[in-house]
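Two complexes come next, and they have one chain in common, chain A, joined by chain B in the first and chain C in the second.
For the complex of A and B:
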């Protein structure tokens, strides 16, 4: 088993892909935390705990759920909105839940507006600007999600969660696989259940540039 | 929108039943058939639910490409045409795959080299195209004969690279190959290589799955990148590439992209082990003398082992099935008892021996050879001679060794 652990950064000038460090993706019914395979139940608890600890817990929905290209996508979008509303209800004063879309993957120059979107080619700008210390990717194509997750790990201290509809992401600190409406709703239920039991973090995210 | 699981049990326009691939490959009855490797490629493709096949004639793959044309005429392939050159073919394959098609092509030797620019592009664009490489000589003076040098060039393209020993491997791996390369966490092109002529033009008994069963269709909506979106990478990068921007984050994005391709090869490990029953096959690995090979050199090694046994020398054998992903841990484990490791190869540089030397502790144990190239055959006797000479045993001289 690999000794490497997928942890909040800033990790390195160019952090390695976790898969190249011997981290494996979970099998159906499993999840991973920091690169260690765990039960989905444990992952729900930890994801909810990380959301409730964060100063700025944020959901990044991608194109696969932002556009109603099929019925399932529309239902997932509704579930994600429910998760966001639950987060807003459950955080304490001083915490601010956010929902920032990743509408597409185009390289945007000279710069994106980090207040309104996140882009996989420079996701750190949105993380830094909004002082996001915990985020969840959902509905982002797997390749683009891995690209982002690795850049975030390289340059920021943000805790990353992936709610992946396919095989999961070893470059996130916590990853679900086979994401469905039910799984998103279950995460929302877990957040609600843990409300008031988790102490928010005192400091917000550190950036690579300010370290 | 295609849904792979919902079509299982239904029929395609040829009356073939879309079948769970595991059941088709492992549980369905097999019919022994006496075929050339080229005919086996055709039979595998008949069952592959392939949307598009494109090729350009070059020996020794031309026969397979022509036979697949017959499949198209019979209605088993969605589209089929000859490109203007190998470079054009591989670019056209990319176009079809970008559009969400299951794509198949065949090439060989100088054709592989001519098309080379496309292969890292395929991998970077996460296109699960399958390319049969019927290896032959690539250098001047011209040779159409078997030689595996071109595989060395494919190893760092970001493609999956498998090396078939027999026509049976070919039949099974063409079908299983799509299952591995189309996994969303892999989603990479596969170069399925064999030694030209030795496999393509010789007849062998191959156990075929029923012709009325076929693979489930490719589901492009599971792709890790959007299919054919002209405004998004990777397509957008053709006109707005990161390389045109001089700043740290552009470089970091491109670096992260490259790492993701190699991460995907690593992820293919789990799926390849599942479908191929391991990345290597081993026989008698407790022996102090091991032969490690890929392709038809495995068959020659197996025969050399039989000859050596007659003389009281026991040898083990490792057959390497996948070159990418590279079976690093498996080779290390299987060679841990070996004092001498022989690597027979059909190429002049000994690329496989170099890979093995870079993998195992005490690499001085690796004897890079014997080598033949340019279309020469490798009689098992020269492997026997190489081993006996190294062990200090008396060995007769073979013509052509200059000794």
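For the complex of A and C:
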């Protein structure tokens, strides 16, 4: 088994793809935390804990849910909004939940407005600007998600969660697979259940803004 | 073909950046008679661009994007050059190809789209500079025409390699001295419009982009003919004001000067017989549609 662990960075300029370091994807019904396969139940708890500990827990919905290209996408968008509302209710004073879209993948460099969007080609700009220390990708095509997750791991100390509708992401610190409306709602329920049991970090982890 | 395909999820609408909201609200996707006159009254399919101030290429981009008859079902193929700096800001599907490969990529793409979406009209438009079209990519350009591939090739002819500092290109005029071509061009400008005609293109136009209505007409013709009959080619003069020593506000005049009767960008058009027939049919249909709309408006 690989000794490599997918941990918050900044790792270095070009972090290796976790898959090339021996990290493999979870089977259906499983998830991974830091590259170690765990049960999905454990992953819900850990993801909720990371959200509640973070100073700026953030959800990054991608084009697959931002655009209502089918009924399922629209329902997922509703679930994501519910998760965000739950996060807002459950965080303590001094924490700030955010919901920042990734509308498409065009490389907008250098014109990105980090206050209103994130771009997969330079996601670190949005992370740094908003001092985001925990984020979740949802509805982002896998290739672009992997690219972003690696850049974030390479250049920031942000904790990354992937709510992937396919087979999951090795490059996230925590990854679900086969994301569905039910799974997003269950994560929201877990956040609600853990409310008040987790203390927020006193300082930003090496700060999401570290560069 | 309508905005049905670009709806934002209601629950996340408020977080979408305003340029995307505007695209959904007021862009002219699906509008049958879209054209350059929509500029200023609707959301353009180009958000902003990174070209130099006053660059005629930016004008050309705006007119072309406003005139594409079917933007939601169009894929543009670009190549390395100033145009590739603009495509990231364009709300039409686009592919960046390796330098010179654009017509080969477009050939495969057009065929794949026909197989994947047999019942739907899908247009492919190549847009590349003169270096990609005439020098480095000439083989791919010509082979696509020989094979009668059904897509439009647009060449933004600025008569040199602009964004690498002004090297000589095949479309540069004879005797022209550029920053990186100090001896001066020794041979004539390659006559690609004539070559295009002889290579099987059904519609060929050589002009500048000084007149938006003209650009609209030739773009619509080229796309419709490519869709139904075979390859089409447009060579549009988009001078690089920096490399020819002009100021930002002088691009338009440079184009006007270059399109005078004996000049190298005097309007030239070739239309094959089948293409002429198609254009006549389209014009008749358009007339009918407008008459019906007028009648309907009169009744209302």
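The criterion applied here is as follows: the second predicted complex is superposed on the first by the 204 of 211 C-alpha atoms of A that agree within 3 Å, B and C clash if a C-alpha of one lies under 4 Å from a C-alpha of the other, contacts with A are read in each partner's own complex, and residues count from 1 in each chain.
Just so we're on the same page, contacts are C-beta pairs under 8 Å (C-beta built on N, C-alpha and C of every residue); 3 or more make two chains touch, one makes a residue touch a chain.
Note that the structure is a prediction, hence the values are computed from the model and not measured.
> Which partner does A:73 reach: the first (chain B), the second (chain C), both, or neither?
Touch status of A:73: second partner only.
> Which partner does A:4 contact after superposing on A: first (chain B), second (chain C), both, neither?
neither
> Of chain B and chain C, which one touches more residues of chain A?
Counting contacted residues of chain A, the larger count belongs to B.
> Touch check for A:106: first (chain B), second (chain C), both, or neither?
both
> On chain A, which stretch or stretches are contacted by chain B in one complex as well as by chain C in the other?
106-107
> Going by the contact rule at the top, pick out the chain A residues touching chain C in the complex.
The touching residues are 61, 65-69, 73-74, 76-78, 80-81, 99-101, 103, 106-108, 111, 113, 116-117.
> Would you pull the chain A residues touching chain B in the complex into a rising list?
14, 16-20, 24-25, 63, 70, 104-107, 109, 120-122, 124, 141-144, 146-147, 150-151, 154, 166-168, 170-171
> Any idea which chain B residues touch chain A in the complex?
Against chain A, the touching part of chain B is residues 1, 126, 183-185, 187, 222-226, 231-233, 236-237, 240, 242, 245, 249-250, 252-253, 255-257, 259-260, 262-264, 266-267, 270.
> Mind pulling up the chain C residues that touch chain A in the complex?
Residues of chain C touching chain A: 5-12, 15-17, 20, 48, 88-89.
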